Amino acid sequence: MQLGLIGLGKMGGNMRERLRRAGHTVVGYDRNAEISDVSSLTELVGKLEAPRAVWVMVPAGAATQSVIDELGELLQPGDTVIDGGNSRWSDDEKHAAELGAKGIGFVDAGVSGGVWGLENGYALMVGGEKEHVDRLQPIFQSLKPEGPYGYVHAGKVGAGHFAKMVHNGIEYAMMQAYAEGWELLEKVDSVDNVREVFRSWQEGTVIRSWLLDLAVNALDEDQHLEKLRGYAEDSGEGRWTVEAAIDNAVPLPAITASLFARFASRQEDSPQMKMIAALRNQFGGHAVESAKK
Amino acid sequence: MQLGLIGLGKMGGNMRERLRRAGHTVVGYDRNAEISDVSSLTELVGKLEAPRAVWVMVPAGAATQSVIDELGELLQPGDTVIDGGNSRWSDDEKHAAELGAKGIGFVDAGVSGGVWGLENGYALMVGGEKEHVDRLQPIFQSLKPEGPYGYVHAGKVGAGHFAKMVHNGIEYAMMQAYAEGWELLEKVDSVDNVREVFRSWQEGTVIRSWLLDLAVNALDEDQHLEKLRGYAEDSGEGRWTVEAAIDNAVPLPAITASLFARFASRQEDSPQMKMIAALRNQFGGHAVESAKK
Amino acid sequence: MQLGLIGLGKMGGNMRERLRRAGHTVVGYDRNAEISDVSSLTELVGKLEAPRAVWVMVPAGAATQSVIDELGELLQPGDTVIDGGNSRWSDDEKHAAELGAKGIGFVDAGVSGGVWGLENGYALMVGGEKEHVDRLQPIFQSLKPEGPYGYVHAGKVGAGHFAKMVHNGIEYAMMQAYAEGWELLEKVDSVDNVREVFRSWQEGTVIRSWLLDLAVNALDEDQHLEKLRGYAEDSGEGRWTVEAAIDNAVPLPAITASLFARFASRQEDSPQMKMIAALRNQFGGHAVESAKK
Amino acid sequence: MQLGLIGLGKMGGNMRERLRRAGHTVVGYDRNAEISDVSSLTELVGKLEAPRAVWVMVPAGAATQSVIDELGELLQPGDTVIDGGNSRWSDDEKHAAELGAKGIGFVDAGVSGGVWGLENGYALMVGGEKEHVDRLQPIFQSLKPEGPYGYVHAGKVGAGHFAKMVHNGIEYAMMQAYAEGWELLEKVDSVDNVREVFRSWQEGTVIRSWLLDLAVNALDEDQHLEKLRGYAEDSGEGRWTVEAAIDNAVPLPAITASLFARFASRQEDSPQMKMIAALRNQFGGHAVESAKK
């Protein structure tokens, strides 16, 4: 089928390619004219036959809002917008209402797959009304991995991004699990070869997983990760997962610990541990270390 | 090759079967005469040709110590004992020294595989001196899964159980990760079908894993887990992982949170939260709830 | 000086009393006519001479918003509104802007003191512009405890509630600290009398505090807290503290753990631990417990 | 009464002084001859009349064991040894049994007070049999602070050190509570003067405490703690508290988080966060930072 696709970065560009390989007609737009198929959203909309489907794949927040506002002006009743970016689920209801007032459908799609998606397919978690979701099946079925898994209509508008957000929260804690285990194994003398321990775990164990495979890849490139700094960004979904948990009074100790470990990894020095050092000095006369210059 | 195997429970019994299918001669002993091949350890040792290999697969602690003591009396220099139970790594050095004084070799083997091991093979993490480990390769290669993974000689005596212990620590946090995500998804209204979300994650996502497959199996049996009580035992390795981390000053926030969540799950009422309730009442006059009778 | 005081509940009623004892003229309003001095906000405003000061002491959220909206209609340029309730700091800027557009000043005041405030005074953390804060000094000085402490002009609008919010976050973790220690002491056999241990800590230790004194009071009333259920509410500030930490990428492991412990205390059964139990059963055949009927 | 006192460091030296001011006869021994009253333990024992009381105040572990072994040779039935060092509670039973076999009594005493103890007194948590503890009352009453608090006979042998250990565990989490709150306040723009917020909390709040007073002292010396590195040692009791919790299946999330924060503060770079960075790079192509040279 025909699809407009806005945002042709690392994710969007590969999705265009995967859809074209599957026989779809994709009209892509990007601010970077070199990779764009059209020179404007107006041109993009003009090239699609009604009822149109336009997939938005731009950074969450202001950029997504701006594109959706513009599409609200350009599209017609019966058209559908899909937000496949990393939007916060709470933005989806607002976008659905804004577009819905003009008769335009809205579907939110959480997309997983990263740099491996072009070849392996993208896992899709979709939220929205059945009529809108059903019409987009040809697109979803081509983007998703082969086989029975990798696609779900998770629920109402927002459910797709919510499910993807929780996916990422789980991802944080799984990564933290392997990372903690790796650090402990590296620390003790009796274990000679931590990389080979990780490699062996890839079959027959309870903890075998794709992330474990990736960990082995990383250790094959740099056995003790000596070239890397222990510095980890977080991309929003981890924070939102904890916020959603707080809103719902759900305890998430492992996921939250994983998020906080990333926060701490980005601090040159820890303010809170300065206070601990200061207090120990006050009551016990314990030595302190001077801040580095 | 010939192997003596002591302990024919859920794990040991299936290991005997897997080894026999591979053509090995296994002489099994169990206190339960109905499943035992011999009536005593003396008989077991008598049926094996020197140099013997005897695999101990009994509960960690006193039971394992008792069997190893007895084998120390029965075996001869050149024989080898393998402890494949869930022993604490710190016991291994002691056992190796006790047996080594008599010229008997010692190898520790962490074994993963659970009820799936008979068909899929058992992941093995082995510690010990090269000469002892090498001699046992026919056994290890038959127990392990097919393919390139599932076996590692992790290091010195104790390294096998240490690696298995860390495996279980990682397992705790991975299970906790899925469990936290599942609870949050079940709590919100917008997501209709959490089971199908989990199912969809089995391909194309960052968090696909064998544990995820098992979670889907469990949800297929009982979609909202309504038949289960939220009560989880812990088996020792999680505790030892945290203790090893403390010994080595390694922070393990996610693994430890997972262990503590299990502790809390087994309390009918939380003593510490009684104190919180009491303090809130003291300073704020906040209402308290009475203990259940 | 003259003060209008809206909301005469547990906190507001005692504050009116403390201010009157100090010689101030307080015109109090409450929806409950039996304790109210006037029958309407209009009457309250009419009884105060310009420039007026009106202290709002009603539940955070909709109730506070409604009163501030109404005051915006009734007050005149030069008057000042103080929000002394448990409002979220992020509401303060909005309220200051709404009132400021009409020339009405706004000050936010975090108030601590609970049921002890009438006699001991209320600790005040105040945010707002210097001119507004300075004019209210007679009120602040009468509400605060005697002595050099218990009052701070913490910063701009919002800073008062932010400081009070962090105070409560710290409070959560301090309470959790004592609660954890108490549970551990109660669990071991060698310690005969945990209450007397707590009592002894009230002098000469690093952990002496007012909360410790309250814990001893509570244990004097119920030595093992047997009458209480381990069930603890949370009042918003703890959640907001964690959310503010997430916004600012500050790791708060102890405060967050304390909040999550309260969430868990309110669950009849733990959904996440059902999933842990289900997974253990899947891979290890471990027994599960049935949900209670 | 007469007391032998072994170990005249920061704690022991001041305790000798406090006891002498109270009129006791203290014979002190230290390896440092300049501060020692006698030249050997033999001489120390010879200067005391039977039944003797000898207080051991040396580092926990090997040093304490060595002194207790030597005292076991030098003392007579009816004498009593007090271990006032930071010994692990689990050592106490062993020491009591060793000395008890020779008719020598054993009492364990957890001592709090740090550099403030000489003037304010030392809080004492004591374990042992009533007959031994009672005989030492003149010493305990002189060491403890004035007033009704600061001393407890907590229970059997080991209970004193156990109570002191838990005291320190609580101390860790209380310090962490203030430290987390301080970092968050320092991070936000609206709060101008965090030091003054802390100062104001010293009266009328729920979180007033001696540790808070010390925090204000520290901030008066260095308002933003800029001279300090965020580096905190831990002294054993925090670790033992977590280990005791694990032995007893008691969840201690806040205390453990506090211990782990200290571990992390001492790492130049975080190995586990290297693994997180490596995994993010593997699946998402996310940029990594190079290790510092």
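The chains carry the letters A, B, C and D, assigned in the order they are written, with residues numbered from 1 in each.
Basically, a residue touches a chain if its C-beta (ideal position, glycine included) is under 8 Å from a C-beta of that chain, and two chains touch if they have at least 3 such contacts.
No experiment lies behind these values; they were computed from the predicted model shown.
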Could you name all chains that are in contact with chain A and with chain B at the same time?
C, D
Over half of interface residue numbers shared between chain B and chain D means same, under half means different, so which is it?
same
Separation of chain A from chain D, taking each centre as the mean of its C-alpha atoms, in whole Å:
46
Chain-centre distance (mean CA atoms) for chain A and chain C, in whole Å, is 37
What whole-number Å value describes the gap between the mean CA coordinates of chain C and chain D?
33
Overlap residues in chain B, where contacts from two or more other chains coincide
114, 176, 178, 180, 183, 187, 206, 211, 250-253, 257, 260-261, 264, 272, 283
Quick one: which bits of chain D touch chain C in the complex? Just the residue numbers, please.
89, 112-114, 117, 120-125, 127, 144-145, 147-159, 162-163, 166-174, 176-178, 180-181, 183-185, 187-193, 196-197, 199-212, 241, 244-245, 248, 250-255, 257-258, 260-261
Complex interface listing, chain C residues touching chain B
10, 114-116, 175-176, 178-180, 182-183, 186-187, 211, 214-215, 217-219, 222, 225-233, 253, 257, 261-262, 264-265, 267, 269-286, 288-292
So in the complex, the part of chain B that touches chain D is made up of which residues?
206, 234, 239, 242-243, 246, 249-253, 256-257, 259-261, 263-264, 266, 272, 283
